[in-house]
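Next come two complexes built around subunit A: one with subunit B, the other with subunit C.
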Partner chain A sequence: MIHILGRTWGLLLFLLFLPTDVSAQQNQDETVCIQCHGGIPGAIGAPVRQWQGSIHQRHGVLCFHCHGGDPTDFGLAHSPERGFLGAPGDEDVPKFCGRCHVGVTEDYFESAHGQALGAGGPNCVTCHGSHAVQRATSELINPQDCTRCHEYGRAEEIKNAIAGTEAFISSLEGDVAALHRLGIDTSRLEGSIFSVRNEFRRLFHSVDVERVRNETDNFQQQLGVIAGQVEALQAELARRKVWGGAVVVLLILAGVLSLLLYKSYMEGKEG
Partner chain B sequence: MPKRIVDWLDLRLGIRDILEQNLTKYLLPRNINIWYTLGAVLLTLFALQFATGILLLIYYQPSPQEAFSSVQRIMNEIPYGWLLRNLHAVGSNLIVAVLLLHMLSALFMGSYKRPRELTWVSGFLLLNLSLGLCLTGYLLPWSQLSFWATTIATDAAGAIPLLGADLVGFLRGGTAVGEDTLGRFFALHVMGFPLLFGLLVAFHLFCVRRTGVSKPPFGPDYTPPKEHDRFHHEHHPGGIPFFPHYMAKEAGVISFFLALLVAITFFAPGLFIPPTANIPADPFVTPPGIKPEWYFLWAYQVLKIFPSELMGLAVQVVAMTLLALLPFIDRSPERRPARRPLFVALFICGIAIFVGLSIWGYFS
Partner chain C sequence: MGSRRLFLTTALGAIGAVLAFAAGWPVWRYLSPMEEPGEEERIALDREDVPLGVAHFFRFRGQPAVVLQSSPGVYYAFSAICTHLGCIVQWLPEQREFLCPCHAGRFSPDGRVLSGPPPRPLDSLPVTVVDNRLLIG
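Up next is the complex of A and B:
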């Protein structure tokens, strides 16, 4: 657990401060970055429109969280003293995103892709985009995007290697959402799935089929533990339904008996 | 042993006589129908509501920091807490439905008419008080749903000219829904309204018992009762005794409603508990598509279809006032629906408008 926390600390740290940032989300339009850039046509304004509706926007990650600068002051918005970083060059992107996505970036740098950074290798933005970033899925691995630099063969192999675990994760996520819908407190389960998912998805970034296959068992096991907890909850819910059903049947019986009794009283009175 | 206790009490209080007068010797019209059991259904559902409410109160914490987590604790840790909470939430919805049916039956059978005006008015106040209990209870879990639904509901008062802003401030105890809103809603929900409610129910039942149950205005042998200038209890000679005959019927109908309550509680609690009810309140994030509960949808839609909220509000006030004062407006003694075509037409239109507005509100 400590191990997992350590690896994802960047994100968790950010999420920890999220409540204050989400309040900023309401007032997102009030940051000077968006006010000024939103009004500029072309490449300088485009990021605002692309970023709207992205996973970052929905989680309250604003322009200045990535680019730095002062979001409250028109004059000092671009001031390096206020931490303005500008737009990163191609080779700087991984470190730029890696401030928050620590684990992914670690695996990325060790991979064939990371090693080839600056020599034809893809950086984060090549696959995810810079502003219109969406929730990542294995759909990102497809013949169209992965054949820009090499053949699809190895890409497909790695997609197959992660497919089983991906399916497991999404079915668990579905089950947990259904439990939460019924008012069950699923925050711990969600937390566990979140860390396993983070851990697992950074693995893809190693683009190392062997490593993915070797570590798959470990992930399946961790997910198995969570699945066990989910099943225990589902079993409990099913048990409740049996009891509830029995009570319903008894009440209907009581109702029918009472009405029969009433009928017999009435007939007695008639006769 | 029980006999000796009864003997002892009878000697001092004459309880046998009271029981006889109100049970076996209390006669109801022979053609009394199923609609007359709804009052007893309401009493049962409210008793259950009080019981579950008191038990919930043991663990509930009325502060913005703790409300949501205390409800989570009730749902997840306290033994049978989930049962209490779901029964209480589903029960409130069922009660509103039965209240409406009870009121509609009183309308259709014209039982609000003289001499039962006070029964009607006290019943109408009970309906409003029950809706007040629903509204105040809705905020208590301090979820996204409760927070934003309350914000929308209290916003409506702002449409009143001059007083509006002050009134909203008074309802909320501040400019926005917050700690003080929770405080006052909590106090009203668990103390203020239930006390008033108890008094009003007692008065309502007193009226019913004192005037005597009305004779259903159906069948060939129905004759309108004579008008009296002085107090007169409506007797039903040759009728059926309240106990055991009529009580058996009531027990039957009550059992069916309880079966419905338990069925929804166990098999479809989500029917009345939407997903946003499971997310803690966040004043900075407005969730999409917040709607009031089904029984307020008509009012919500009325506010939307008129060009100004003030007009919408005025229409609601007029409609509710008309309904409250109905026995003083519609004063003809005729109770048979077949001889009140205008009334029956209005009655059906009214239901259609209510249902239509609610559906419209739901999908808009």
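Up next is the complex of A and C:
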């Protein structure tokens, strides 16, 4: 009996501390792309090392999702018949990334950046990097990077125009994450914020300061609605805390009264 | 002694009643049947607003939704929120499919996932045709 209990506890502890992304990690390691390129030093293996820890890796976007090919077969991994595309040329990068990032690519192509593609203009990886790509923030707009191609002035204007809305989005994301940690189902709120954030980032990929300024109010309004929903949840939690406190006080009071009642009966018996 | 006991018993009973109510209220709320959507929570649209092959976007209970006439007299209504990360889908009339601009999730006119990362179809909404109107919800 003791052995069975011991084993059960052991199993429970094992399950408790089992990393949740084990199967995802195994799937990633099972692709022949990583098995082969991951072990090669230098430029051919570098993309795997850069990709590890990237936002794509964290979200399960593997080599073949972008580059095509058969990730289960060494012989067919580079086969054009299995959709292998290899690495795109500089001018093909926006369309390459745009197969998934559709909206942002649309706005990029209409922007001064997109119009200058092929004439020294930047493509996606110029600002975001390629394999080591991280979650985009407004910090990508900075003097060091922007002045590689042009003066910083206009970029700074855009950064200033988006700063308030970006801060609003970050603060809402923090509030929602805090609610999630308290056990609230925040998936709908997260979706709403993600949607607004994505639309807003589409907007500033237009690199059109006036357009950003004109449309910012609309985004602030949408974020305001989400903030109202977050505040309603926070108020509900605060109410629950007050009720919880009141119940605890009543329980203590009931305990004291029960004790006094018991004492009065005991005194009656003795008397 | 009697009045003291009476006071203590009454106070204890009152506290017990309040605690029983506090414990029972959430259970009651949880077990109570959810309210059916009333007429005012449904959206009524003229059929003329949704011509063949055109997707009509509207707000449904504060969320974006879409209704589409995919073939003559056949209407589908969905939440317009992509089931992947929550972006709003677009209708591409030439391709006759919905596209999520965030990560290229594609959905058929009846809401099924055609390709991309969405884990499930678009959430459908009931559509009833009454005379020349569409009742959604």
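Definition applied: the second predicted complex is superposed on the first by the 227 of 271 C-alpha atoms of A that agree within 3 Å, B and C clash if a C-alpha of one lies under 4 Å from a C-alpha of the other, contacts with A are read in each partner's own complex, and residues count from 1 in each chain.
As a working rule, a contact is a pair of C-beta atoms (placed from the backbone, for glycine too) under 8 Å apart; a residue touches a chain by one contact, two chains touch by 3 or more.
Worth saying up front: this structure is predicted, and the values here are computed from it rather than measured.
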Practice problem: Return first, second, both or neither, reflecting whether A:241 touches subunit B, subunit C, both chains, or no partner chain. | Solution: first
Quiz item: Which partner does A:185 contact after superposing on A: first (subunit B), second (subunit C), both, neither?
Solution: first
Quiz item: Regarding the shared-chain residue A:202, is it in contact with subunit B (first), subunit C (second), both, or neither?
Solution: second
Practice problem: Using the superposition on chain A described above, determine whether A:261 touches subunit B (first), subunit C (second), both, or neither. | Solution: both
Practice problem: Once the structures are superposed on A, label A:40 by its partner contacts, choosing first (subunit B), second (subunit C), both or neither. | Solution: neither
Quiz item: Can A:252 be said to touch subunit B (first), subunit C (second), both, or neither?
Solution: first
Quiz prompt | Shared subunit A surface residues [contacts with subunit B and with subunit C] | solution = 243, 247, 251, 254, 257-258, 261, 265
Practice problem: Spell out the part of subunit A that touches subunit B in their complex, as residue ranges. | Solution: 22-23, 25-26, 180-185, 240-241, 243-245, 247-248, 251-252, 254-259, 261-262, 265-266, 269
Practice problem: Report the residues of subunit B in contact with subunit A in the complex, numbered from low to high. | Solution: 72, 75-76, 82, 85-86, 240, 244-246, 248-249, 251-256, 258-259, 262-263, 265-267, 269-270, 273, 275, 277-278, 282, 284-286
Self-check item: Contact set on subunit C toward subunit A in their complex
Solution: 1, 4-5, 8-9, 11-12, 15-16, 18-19, 22, 62, 81, 85-88, 99-104, 116
Self-check item: subunit A to subunit C touching residues, read off their complex
Solution: 99-104, 106, 187-188, 190-195, 198-199, 202, 225, 243, 246-247, 250-251, 253-254, 257-258, 260-261, 264-265, 267-268
